[in-house]
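Two complexes, one shared chain (subunit A), two partners (subunit B, subunit C).
Moving on, here comes the complex of A and B:
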């Protein structure tokens, strides 16, 4: 956000220096790229910009998006959360399996409680014991995968009465013509954007991620701040599990496998710094949507879906490069 | 499990007093990725149960966790342990061949189960036991042709790219469809990675892309049900014929409800028992063919009651 404000005066004076161009590209490049790719895809596929396709893509992207909202908060706070992928597997298997055993309401409540507990463990280890977040959440990633396999015994879980249950609302329902997953994604994104931009809590998270020492000296309780970001992340995963389980009406152990990287890709694409202290929820939303539209667009053009990984790689490199180029005010380094 | 078998075996050994005493075989098995899906999990328990029933078998059960390097390590461990035979569920049909050759050179017969290895490795194995996935693809193509009356346009959701089962099913399906049913056009194939959610997303995109889809062939029922979910969501399930393979419980139920046309019945229990039987036949020195396929019949609403609901 800071770089966006810097670029405005230069543009307004009309003197578009090279550095000004760079900073404009880096700040708004993601939006420009978004519009550009939409244009290219719509050129190749008639259905791409149809309302039903856009709704389909946003609905598909909302699972990744919901998780990305939470992880963005963790990253702004100066940490990482790699455990979200297997946490999603865990929560989805749990809520689907318990649905038939203890009823949807209890299943959802229990799933939220257990998912938040995992978040609390992450938050405790990282916030209070000050362990490295990369290591803690990476270890958590495989630990949860183990728990899921023990819990399910490797079997798929299914909901028997797929037509009759109100649980279908979260993944398949519509309110006012808009799919519920999109509404949940939108609502979470708006609430978190407001919290991060306009509340003292949000400012404290930015402070802790940007300069932890200064934050502590100014009286911010850093431990609790970090701890809370992992609760937010876990809460978002639980919401995503609700959507995923309801959408598929079943689950398998590896359902969330690799989601942590998709989530990170969306966040990086949006321009949130992995070093913490900077970033925004709404740019993460754009980043996640770009990934969704690329996948859908390539598929409509007839390419296999794994081409998107290569395309995503190119885009991420470009995004990171432009960001760095803006900071050092030139595209290439002068000395090797 | 291992202990139980050992106890069972020793009890049998003690009770046998005459010269009819059976030899006890030690058979090692390295599996692909137990726990990743229900089929493999059921296979493992069925294999252990079959070994217990056989009585004269000690088993060493290993799992590669989908990792080729780990599977090669496990092969070498089993060779070191001098087991009597090795059963391998290859993680990769090509990369495991050197390890299989090592076992062959050490005089240990190798039986490949479920999923084939590449041509180059066939000379080093004693036998293959498993489903005929090419035939399954052919059967699915025939069902699709019957269901559509020889006319229509369809899409395919295939399994994991590079996985032998996925390629063989898709290959058998495409070839047979082209030759037996020229009126049915396969418009597009996309991988669904054996994952229901992924298949659901792929199908949603297909439904956007094509205004008319008459049929969907999925590499297994798990993905097929994902496709059905997507079509239900778009309100277009009635106009589409769904055909899968490896009948899952969810697919079985969907056939029963009349939403899903048909599938291929493939039991992991049959698969596991066939693998053990093949290994025992090899050890007994019986003359068996190199390729041993167990029956995987077509299943539709018409013959549904002949089959038990799958446990997975």
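Moving on, here comes the complex of A and C:
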């Protein structure tokens, strides 16, 4: 973050020194990498840059992206949320199962309320009881998965009338030629980016994540801030469940399994620090899109789908490493 | 009261989780007539041996202040190698499986040491990537052990004791001694407790980290081989979610995520708590789903109790 702040005035005064250029490059490295990888993939495959392909990729990435927006806020606030995968399973099973029982509107409302309640439990334990977020959300991951299985009795759920329900709008619909999942992803990302950058609330979250003690001494109600980030995360998961349930029109019990780690991979790739106090929503959006385009590009180049995992392994470590190396002005650590 | 506080803080030689293990033990002895039999108790040890072995290594990594999320994937790769290479040679298969664990552990440790990237991120990447390597190697196929000696080993016994339980307990004893009686164990605590101070004290921080990642890699691979021999097969998805179970067990055992504090005795208690809970609820014919909920609840309760008991008193804050 330090380099980004230093580069700003230089760019504004129009004096582009070499150092200024370098720090600009390193601050926007992930964007440059994104454009570069797009260029390479378009070189190998003709369809890659077609409009329909790009729309498909963004649409596929939108569920992970929607969740990642919420988790980014949690991480900026200095905590982690590993329970989003189980929560996604829970919300999707719930909304799909209730759809036929109490109608789509009630199902959606009830699903949002219950998901937010889970978020509130997370937020209470971590914000007010100040427990370690990694372990609490790990425990919630296990507990919520158990609840899903108890609720559904181990059965997968389906929506009976898949053609006749307006519930299909969220996953399959289009508004102005753009798929609804993409719109929801974009809207959430823009709103949260504005909230995080331009409101007092966003500044308080950054302060709490950066230095909790200093934040408390400046009169910020830290407990409430942390609590609220988990509500935001839960809200985003509920939106993702809406899209997922509506797109599949059914749900398996473990549909969200492993999502928490894919979401984290996207966030880390975007350059948000896991230590809190730094990062941004738009970086996360780019990180998630990079993962989506790498997956798609490798498939179009004819590689099997699991190759993307190996590639992701390498680029996640490289991305974080180069960021660190730039900050300490040295490629390797010095201790032995 | 101060005795009880000290007891729960782990200042006495018995870890608090063992109280819980004993309570569970007594509870299930009353609830199920089959629970308290020699056969069932050895059974619990066999069932927990895979999670337990990985947890031994994880304890070292977590005391060291790091975490390893890639253990499940390493376990899966070792299992696939151990079964898949049997056509060539049994010895080669076992060596390749254990070697892969050591190598991947060393790679994780080396990257954490040299690049300074957080172990959470490095091993999260490895968790995805190594799973990719498994799919690449197996071509998404499950392997079945054609060698009966291999498949029999997992279920064999020495006298009345199952081999897997003996291996697990022996490894636990060895790792306990390594942690408490060797320089490496002492330095592991030191690095986890205060990395800067340990560098100033001349401790080779990076090397100890790397050794600990090698230890956990080796144990994950060993657990993979033993699990494959128990099942007589290996699937590409073997070991999914193991990292979560293992971390749960280690945290239940009182090891701090921030590093510098923990013990093998505690981890053994955490592993047994999970094993007894699963086994006992199974005997009581409770659906397996409830175990997940109860485990989550226990984990959070342990955290809350730990927080309440270790909260700095008003006097300490004033100083």
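In this section, the second predicted complex is superposed on the first by the 310 of 336 C-alpha atoms of A that agree within 3 Å, B and C clash if a C-alpha of one lies under 4 Å from a C-alpha of the other, contacts with A are read in each partner's own complex, and residues count from 1 in each chain.
One rule holds in what follows: contacts are C-beta pairs under 8 Å (C-beta built on N, C-alpha and C of every residue); 3 or more make two chains touch, one makes a residue touch a chain.
Note that the coordinates shown come from a computational prediction; the quantities given were computed from them, not determined experimentally.
Engineer: What does the overlay on subunit A give for subunit B and subunit C, a clash or a fit?
Structural biologist: Result for subunit B and subunit C: clash.
Engineer: Spot which of subunit B and subunit C makes contact with more residues of subunit A, would you?
Structural biologist: Higher number of touched subunit A residues: C.
Engineer: Can A:317 be said to touch subunit B (first), subunit C (second), both, or neither?
Structural biologist: In the superposition, A:317 touches subunit C alone.
Engineer: Looking at the overlay, does A:99 come into contact with subunit B only (first), subunit C only (second), both, or neither?
Structural biologist: Touch status of A:99: no partner.
Engineer: Look at A:204 in the shared chain and tell me whether it touches subunit B only, subunit C only, both, or neither; answer first, second, both or neither.
Structural biologist: Neither subunit B nor subunit C is touched by A:204.
Engineer: With the two structures laid over each other on chain A, which partner does A:53 touch: subunit B (first), subunit C (second), both, or neither?
Structural biologist: first
Engineer: Per the contact definition in the header, classify A:132: touching subunit B only (first), subunit C only (second), both, or neither.
Structural biologist: In the superposition, A:132 touches subunit C alone.
Engineer: Could you look at A:154 and tell me whether it touches subunit B, subunit C, both or neither (first, second, both, neither)?
Structural biologist: both
Engineer: Applying the touch criterion given at the start, work out whether A:299 contacts subunit B, subunit C, both or neither, answering first, second, both or neither.
Structural biologist: first
Engineer: Could you point to the stretch of subunit B, among 94-102, 202-210, 238-246 or 256-264, that collides with subunit C in the superposition?
Structural biologist: It is 94-102.
Engineer: For subunit A, which residues lie in the overlap of the subunit B contacts and the subunit C contacts?
Structural biologist: Touching subunit B in the first complex and subunit C in the second, residues 149, 154, 304, 306 of subunit A appear in both lists.
Engineer: Subunit C touches which residues of subunit A in the complex?
Structural biologist: 125, 129-132, 134-136, 138-147, 149-150, 154, 257-258, 261, 264-265, 268, 274, 304, 306-310, 312-314, 316-317, 320-321, 324-325, 328, 332-333, 335-336
Engineer: Could you pull out which subunit B residues touch subunit A in their complex?
Structural biologist: Residues 34-38, 40-42, 161, 188, 190-191, 195-197, 200-202, 204-205, 208-209, 222, 225-226, 229, 233, 248-250, 312.
Engineer: Okay, in this complex, where on subunit A does subunit B touch?
Structural biologist: For this pair, the touching residues of subunit A are 45, 47, 50, 52-53, 56, 60, 149, 153-156, 158, 172, 244, 247-250, 252-255, 296, 299-300, 302, 304-306.
Engineer: Which residues of subunit C touch subunit A once you look at their complex with the stated criterion?
Structural biologist: Counting only subunit C, the residues touching subunit A are 69, 111, 113-118, 120-122, 124-133, 135-136, 140, 199, 204-207, 240-241, 244, 247-248, 251, 257, 287-297, 299-300, 303-304, 307.
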